[in-house]
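Both complexes below contain subunit A, partnered by subunit B and then by subunit C.
Entry: the complex of A and B
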């Protein structure tokens, strides 16, 4: 039996380095695993996540069950908790679907349980609807006669016996009794806007759906991440190419400037810029874009400097290629792969900084469905509502993780030696 | 004594002694390096300050209108503008700004009791330092030890575990980590307080000397205050420390891996020197040289993290001060605080470079 010689790490090392030279993007991606056991599943998982988030950001309305800015339920509802609201219960055969239908019935008798908020709720609702009709010029009035019972069971029995047209009671209590009274149906909630449904991730202190805000927040986060990174890319890359290629005084001045900007804590600078510019999403994007210009500048400048010294650039120069041609045809294509990698990591950083800014209450309008804003709101009620901070934070972490992992994975595949951002 | 000056003395005197010691005992090359490096700090400070100044001025938006609100009458606005010197030519303002920076005279707060900004910063700076020093120490311990461990056990389960820790702690928004700690240890378990530097009642018994609560309670022998201060420090330190440690861990791991592939390591192994001696005695020392520089660059993450941590834990430091003053539109306070941060960055980078030159005597200017 033929034995394959044990391959040493050094040999492997040499082989992939040689092979890496003349091969295209897709093949490189596929071959990387075989060559040096690069964690390309890293790239695969993160790509799926990134695509998922982009889809969420593009069409949040498809996935979000509610409007993120509207009050859609009771306040502070825990995830999956069934809210206890006052519901209208009527005989299954009747055509009553809400309090409004009681208007045509003359003075209707309503069964309520003594001592529960139901009688007040139904009275208020009737008054509100009557006032609404009056405002429309209609002469309609809902007149109720409240029949009090000791328990909900008795009240329901009263409806079946015909003593009352409808009953009003707690949603949760009725759910327990529903089996015992098959001839009764629950017609919906008494007050509008408080549907008796549960919310997958709960509601916040103004009754907005946490899940919907989470999904719509993807859009804000990705808009900030992508646009600000693109801005810094379009400024940083040309500046880096220019500085690296021309060298001299221009290079030195630009480098010192960019190094100072790089050393300065980004978030604090962004705080200053948004504080001066005022709150709006555009200003947040501008503030974050300024921070990341040096990241592109440094990498592109460094690469330009090294590529400029390579033999093929010298050859091109000796056959009389113009500077513009050398820059666009020889240097630029060599710099682009690392720019793509930084871009991916940069989007993650920008999202993190954007979330930090809105957490501090800077930059975005408070009604915007944004994860940072939701986290700041969640902190106010941390003692009671754990779900308000858990989910938006997880979302930020997953998005950042996805983009960082994608960047790191690509970096390992394309340039295992390039590690410092 | 002015609180700000006191803070500078607490850190400046030991640093100066160390510097003099290096200067006297060091080689001439080292002396030249240190002098050059200190001289180079001046343009860096000026550039950073200029950056702050022009960001605050060039951008649209009027500090006076935002401080007084839409109700301020034109005369009052004009008076305030004159007092702040905003009517002077930009260059005059810029010169005055740099001059004031040298004397740490930042003017007066636009709101409240109109206290001098330097007094307010003198109370806030110690709080920030008291937070970031233990956090950095924690992060360095965790980051360097686990980073080396991960590098030695490369591509094994523990390595993947540490790498995951590094990636997740990097991706985790620091303010969210703080909130989770508050939720778990503060609200659910009740182990640690979630806001402030010291228990309010105990705080009244503490005599403020340096504004460092820990130092004050030790020098006045107030052990109850010390206990309370340390108790309050736990969660913010952990929050900031964990996020930083992930970055340090990644940097250490990569550099140790690279060093372990050097020829001299192979040679040492071939001679039969014990594996731990090779790793910790030979490789780690050399791997630390680039790590020190890279760690120095993380001061940006440290300060940004401090701002967010202070906000989450209601820690009365510079970061929270900055955020508070932005919402109350106190222009002078905001500008001065950011300038202080810039000075801080310059000092850290100076310190890191000098430490670097001690570790690697080859470095030259």
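Entry: the complex of A and C
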């Protein structure tokens, strides 16, 4: 690799300016590191993250293994931990897959281990099924004869000996014994809906899958982030343009209004608004939108004031341009780039505030798969179930980081002068 | 002598500042004749630009036109509603600004500037017609047709100034006020630009008011000269008359301060003192504290304009009768 020539400041500066003019967006991104000493990978990584989060939010059902609102497993299951459920164990050759298959055979003998919850579980399930059949008008009854053994090993031996058709026992205990009884096999769980599978990120205290809730939570977070930021953008930008362009009393009144809104502590204001409006996602969005209107207003007003005074606006006026034309063709296009950049940072901020609100139990229905709600739930059991609070917390951090990094990176590339300060 | 196309009558413009009112243009009257190039000259802060802007009624707060009449096209512009005034700008009256680097919207292509100007004033004009007009103007002003799709930052200062002229001419304005159009240009480009102005005047029947502090530009291009000092008009005359027989002591001072190749003295002539603050202007003639010929009357009463030659007037007591013409006794602190 050739050695880089010594840098001469004046020449470099000129080259930089010449390069800046007449090049497109893609080249700027690619050359960002060399030209602006801004790190393109900064933008690249954050853009990939942002796109990833957006994809997750658009089609969570593709990625989420379970329904985020349903109980899908035992409670408090650690990530990757296999749950201990009661399973039916029978000869590998039999076609029994559940308690329902034990019907119509008269009294079926079932081997259980004394003192374990197995006998209770299988009896309850049989009664439940019988009641269900009755309700449907069928004359089917599941009658069980419970044979008690001291250990699971003895119970299994009983099944092999033909003393019982099936054995009921703990999944984990059978897993240890499976090699000793090659002719026996696990046939399915006793209670329907519970499976002996593990969950990648564990389950929470109501048996919901943490991963599925995390994935669906992306949707809620991005909906709140984007819509509330768009909301405040659509109100803040026109107000800022109007105030800056009109000036005078209108400007003063609007500025005082916005400044007082800005001076008020953000989260407290949002809490107050959601408390007044009541819980719903729309109200959360409105509350956060109100919070961020002054951000847009101030930036747009300031820029409008400076662009309004620029010579090319005066020149336009001297050739008879109307106020509307000056506003839409001269001021607005010169103001909008900075709005685009603060929008990205603002989305991150809004997501954080949204999570904060639902963490405090304000705004969203408790069944909503939302990171803030998950954090609040996880915080109650932080000492026993670390996974419940860690993963939603990481998710909030990552999404905020991605949006902020993207905004900052873009700002450096589009507005390299800001870096010099 | 032709009839004036634009008459300024007793115009006064004030700026409200924290320290008080500044009368930037004080009771100025001036006739601008058809097809002439009038040079408006004076030092920085004497009110030249304010006068130029006032001609288009483009004074913005904190400035205010406090009195006077602006006669153009048989009407007093001061009586027109803002809407009608705006329609007049660009179509009949136009302005070219000092700094061509910042006078164009950086986000719009050159052709869009011209098309927009044309269509603002003539909403009926088709896009194609406006574009054709833009091309025609660009070619006329020596801008390659292939370049009009470029953005302002891709042009040099001289070319941008030509584009500004193209904008001012896009609608065949009758009167163009050019505010220091050559200040940002180097001498070669300046000379080219002044030639261009003269050609355009002949071609489009323009009336041009050039505002400048560079008396060389005036000598080069103007037909008549108007000199301003501290918000007031001091001397107006045909360019030959003015340079051949300068009357007002201020104008004389100005001309003497211009370096000359035939100059014998080793040092450049400088005028005494500095321009007065417009917040507290001196009484009487505003030049009297610096005037080598000051008389008692000068410190009391403002002189009116008087004929001092053919097509040449000056506001100075030297050329007018008055009882109290003793030399002024100056009290120096």
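One rule holds for everything that comes next: the second predicted complex is superposed on the first by the 387 of 421 C-alpha atoms of A that agree within 3 Å, B and C clash if a C-alpha of one lies under 4 Å from a C-alpha of the other, contacts with A are read in each partner's own complex, and residues count from 1 in each chain.
By definition in this document, a contact is a pair of C-beta atoms (placed from the backbone, for glycine too) under 8 Å apart; a residue touches a chain by one contact, two chains touch by 3 or more.
Please read these numbers as outputs of a predicted model, since none were measured by experiment.
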item	value
Joint occupancy of subunit A by subunit B and subunit C, clash or fit	fit
Touched partner set for A:383, first subunit B, second subunit C, both or neither	first
Partner chain(s) touched by A:405 [first = subunit B, second = subunit C, both, neither]	first
Which of subunit B and subunit C A:115 touches, first, second, both or neither	neither
Touched partner set for A:362, first subunit B, second subunit C, both or neither	first
Subunit A residues touched by each partner, larger count belonging to subunit B or subunit C	B
Which superposed partner A:266 touches (first subunit B, second subunit C, both, neither)	first
Minimum C-alpha separation between subunit B and subunit C after superposing on chain A, in Å	12
Set of subunit A residues, in rising order, touched by both subunit B and subunit C	none
Residue ranges of subunit A in contact with subunit B within the complex	256-257, 260-269, 271-273, 275-278, 348, 352-353, 355-356, 359-362, 375, 378-379, 382-383, 386, 389-390, 392-393, 396-397, 400-401, 404-405, 408, 419-420
Complex contact set, residues of subunit C against subunit A	56, 58, 86-91, 94-95, 97-99, 102-108, 116-117, 120-121, 153-154, 164, 167-168, 170-171
Complex contacts: residues of subunit A adjacent to subunit C	21-22, 310-322, 325, 329-330, 333-334
Residue ranges of subunit B touching subunit A (in the complex, touch as defined)	43-44, 47-48, 51-52, 55-56, 59-61, 167-168, 170-176, 179-180, 182-183, 186-187, 194, 254, 294, 297, 299-304, 307-308, 311-312, 322-323, 326-327, 334, 338, 341-342, 345, 349
